[in-house]
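Notes for the one structure printed next.
First chain written, first letter: the chains are A, B and C, and each begins at residue 1.
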Amino acid sequence: MRAVAIVSFAQSNAESENRSEVEILQPVAAEAIRRSGLARGEIDFTCSGSSDWLQGQPFAFVMALDAVGSWPPIKESHVEQDGAWALYEAWVKIQTGEVDSALVYSFGKTSPGDIGQVQSLQLDPYCVAPLWPDLDSLSAIQACACIEAGVVSERQMAEAAARSMRSAQDNPHAVRKGDFAAEDLLAKPYRVSPLRDHDCPAYSDGATAMVIVAGDRASQLCERPVWIRGFDHRIDPPALGVRDLTRIPSAAMAAERAGARLDKIDFAEVTAPYSHQEILLRREFGLADDIPVNPSGGSLAAHTLMSCGLNRIGDAAVRIASGGGDRALAHAAQGPCLQQNLAIVLEGE
Amino acid sequence: MAERCAVIGVGQTKYDAKRIDVSMPGLLREAALRALADAELTWGDIDAVVIGKAPDTFEGMMYPENYLADALGATGKPLLRVHTAGSVGGSTANVAISLVTAGIHERVLTVAWEKQSESNAMWGLTLSPPFSVAVVAGAGGFFAPLVRTYMHRSGAPEDTGILVALKDRRNALKNPYAHLQMPDVTYEAIRDSFMLWDPIRYLESCPSSDGACAMVMANGSLAGRTARKPAWVHGTSMRSEPVQFAKRDAVNPMAGRMAAQDLYKQAGIQDPRKEIDCIECYVPFSWFEPMWMETMGFADEGQGWRLTHDGTTALDGSRPVNMSGGVLSSNPIGASGMCRYAEAANQVRGEAGEHQVDGARIALGHAYGGGSQYFAMALFGTEEP
Amino acid sequence: MDIETLVKNATPLRGPHVIEYPFRRSCGPVLSRFFSGLREGVLLGIRSATAGVLVPPSEYDPLTAQALDEFVSVGPGGEVVSYAWVSQPRAKQPLRHPFAFALIRLDGADSGFLHVVDVGGDAARMRVGMRVAPRWAVERKGEIGDIEAFVPEDEARPAPPVLAVDDKPVRSVLTPIRLEYDFVAGRAQSIFLRALAHKKIVGARQVGGDLVYVPPRGTDPRNAEPTPELVEVSDSGTVVTYSIIRVPSENIKLELPYVCINVLLDGSDLPIFHVLQKCELEDVRIGMRVRAHWVADDQLRPSVESIEYFAPIDEPDVPFERIKEYC
């Protein structure tokens, strides 16, 4: 495998944006490129992640090209997935030896639509989607199963949420943050029982961009390159009824294959849109209780759909680059109740 | 790094306006199972799955690949979903190939599909946001002005498009998977067919199809172990440019020219006109054949139409184009690009059946999308590169 | 109103955007039997090697993808495995009063079946492990909604006989979708649209160059540089190419045939799509001069629709040589 490092990262997150996707993305992409030390024309490959359903426009990613520049023509691809999978495709492209560097970006603007309803479209279109269950309800079913099995408790969920919001106080990109006691959170009403508002994702609009570079060039570009030591993603079946909802086998498998268990992890950034999912992931990744999870605050503090996975990876990279740890596991997820999972192990030099 | 990659299995569904006999997963499985059988493999032999399709509005599903994961045997495996507009079938295959050439996986299944009959393509492509005025009627509405510009620039005979359509519709009769089968088609019938988007006639246009196409890619050491021959990948390329900018040449786009040149360079092709035996290229409206012949360097600028008129691009010509009947005969949009790759691969495998080009050694697969701004191409050969 | 004032007042425009379509989905052989069964008031599962009996039945094993074809009768009763209490139902969800989404393991099945449980809105009556059975719709069409809800088993009644007798297998299901968006036009687009309400067409000039983009997008698409300098361009222009549309499209209200032109406005370097009227079809040509025809003043709005159409003007054609870079 070629050594590949994250050399720059930029993000924007805001509860709701009045700018167009291009206007949100343009400064973020420009910032990531500027911080990389490369000129736009020196970046060999570009890959993005987005979903047409957020804005209700087919080919939304076509317009987004205006925000990164594509003249003269560029080598470019797009996944209709979270930006973390765009990063995976870019990393694969570098592994082929055809390119040495890549710009990866993603954007999501959930505020214009009813995101609960929009996301029902990812369910079995014959037997499930016609009932319009939203992700809050499906995640509540998962939380209920976990509570019933004794895997998590409502108190642990409240503690995870409180910890996220407390950690997020230092994160300028967080849209939900503060110092709350778990007791006070538990006193709040249910949104969809057993989930309360703070157990659910803090949706936000935003964009994310990252530059990755192979080998020595990365070392020349930054003082402390953050190397991708392992990278893998896996998927579980879609039907909730055939899954053991207390387990996330594809997450465990991805982390295992990414080498997360080979050496000590200093901290983890995981995509857990619902509080109980952080507890499930901690278990699947075999993270000891003293290992910090989501020092950024995670999705309970800012959940920019299509960008949140890439944000977790970027947040982890920034923390390592600034000396906040040497080795981290970052994780992205997609699909109802963490159906699809991606794990990446990052290490500072 | 830079592992060799070959196509060792190809599977296509029967293309049709409405495949109401199958579900969405059933449609994809039809193609995937045929590709696996062709490669003499089963679901368990596959390391990763790459799915491609064009906009999700066509089927009204978000992340349809996640719903389809277990239908394609992807449980516990990596699954990627590519979307690069109309070129997606090509770029999806390119991503699958890169997973092999990067040395990450040994065998990759790739599937591209569209089930357009679940909705309506004209609806799905013309969703105008507020404050705009909807005047561009679907893909034809967007591309007809480009065709007019090409006609104006090149001075091509007005019946060039008719001749392309006649050729592709006759080729389709030799392809059992082709959607449109018109045994009685004539020059006159095409000429007299209804003008939809003047200058584009009904019979010069692609249909809306349901269908899926699948391929199995394998690395160099695994290719060549099956009864049927592999199609070696000699190169892949992709280029994108903005949909609109001042003085953009959308008729002969730079992105298309660069993608072709990149491809030839990778494959060591000095003169594509001499070294490439046949081409499956994305021609949704007949006039795009001469346009893409120029973009890919098979003719000088303004001269591409001559290749149609002098029979070069005919099935028995010196460099046949769209032997399968092409997009004009079957258009499951998200899969159409992969169909081009699959048909090109089958030519060098000697598996193209009645539309086989004798002695095809190097074949080109081409796809484009968006406003003629996304290009994906691949070259397949009989020999290990 | 001058451009500066427009920019200063440019709050973003918002407007409703709706995506609506009655998707009709073909079922394939397995779901066809399942839905036909529901119409009869019968529940069917399918046996898989790795996950036992699946409800709804699947065409393939969820772990191995092997094809499945052994149907098994299940239910109608079952047990709630897990649930979510929905205290505020959303508009499209099956019940108007509070209810539960639940995974139900039907008798004879191994997988959980996702549906709704109706306990009359009383959350206290819901619990994991409770026995439930279907409350069947009186009028059944062969779709998931043929079960209105699951109810506590002692409240359940056998399925009433089918009303509309149709013994043909169910081959497809109708699954309508309607999504409503509060579309927000971006900053650059909002300025452009607000100017149209004043019969002005605004473009953006490329930084460090002369090229003008209409409509402005906020950046130069070639290099992604912001384009903050706005300029007014003419409402007259030249047809650089065109097509004549004779095919109907669901979202287009124009009468057929109509002429769709790519018009390069004087002062702009990017042609825009619009409609040409007041011109015989055979007279349309590349290079012809046209001018915007605006709607009546009281109809002017911040929308491209403020230009009703373009019409020919009495000026000599522009030679192709001069516009060929724009075609």
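In this section, contacts are C-beta pairs under 8 Å (C-beta built on N, C-alpha and C of every residue); 3 or more make two chains touch, one makes a residue touch a chain.
It should be emphasised that the depicted structure is a prediction, and the values quoted were computed from it without experimental measurement.
I'd like the most central chain, judged by C-alpha centroids against the all-protein C-alpha centroid.
The chain sitting closest to the overall C-alpha centre is C.
So which chain is farthest from chain A, going by the mean of the CA atoms in each chain?
Following the centroid criterion, the farthest chain would be B.
Express in whole angstrom the distance between the two chain centres, defined as the mean CA positions of chain A and chain B.
Computed value for the inter-centroid distance: 33 Å.
Let me have the rounded angstrom distance from the C-alpha centre of chain B over to the C-alpha centre of chain C, please.
Those two chain centres are 26 Å apart.
Provide the C-alpha centroid distance between chain A and chain C, rounded to the nearest whole angstrom.
So the centre of chain A lies 26 Å away from the centre of chain C.
By residue number and range, which residues of chain B touch two or more other chains?
Where chain B meets two or more other chains at a single residue, that happens at 23-24, 57, 59-60, 70, 75-76, 127, 129, 242-243, 245.
List, in ascending order, every residue of chain C touching at least 2 other chains.
Each of 17, 19, 23, 25, 27, 31, 58, 62-63, 175, 177, 183, 185, 189, 220-222 in chain C touches at least two other chains.
Touching two or more other chains, which residues of chain A qualify?
Those would be 53, 56, 63, 65-66, 70-71, 118, 121, 124-126, 129, 237, 239.
For a test of understanding, state which residues of chain B touch chain C in their complex under the given definition.
Interface residues on the chain B side: 18-26, 29, 43-44, 57, 59-60, 70-73, 75-76, 117-120, 122-123, 126-138, 140-141, 144-149, 152-153, 194-200, 242-247, 249, 251.
Once bound in the complex, which stretches of chain C touch chain B?
So the residues of chain C touching chain B come out as 13, 15-17, 19, 21, 23-31, 58-67, 171-172, 175, 177, 183, 185, 189, 193, 206, 211-213, 220-222, 240-254, 257-258, 260, 262, 269-270, 273-275, 281, 286, 302-305, 307, 320, 324-327.
Under the definition above, what is the set of chain B residues touching chain A in their complex?
1-2, 23-24, 55-57, 59-67, 69-70, 74-85, 91, 94-95, 98-99, 101-104, 124-125, 127, 129, 237-243, 245, 253-255, 258-259, 370-371, 373-374
Quick one: in the complex, what on chain C touches chain A?
Those in contact with chain A are residues 12, 17, 19, 23, 25, 27, 31, 34, 51, 54-56, 58, 62-63, 81-87, 90, 92-94, 101-103, 111-116, 123, 128, 143-145, 173, 175, 177, 179-189, 217-226.
Using the touch definition from the top, list the residues of chain A that touch chain C in their complex.
17-23, 26, 29-30, 40, 53, 55-56, 63, 65-71, 111-114, 116-118, 121, 124-134, 136-145, 148, 190, 192-195, 237, 239-242, 245
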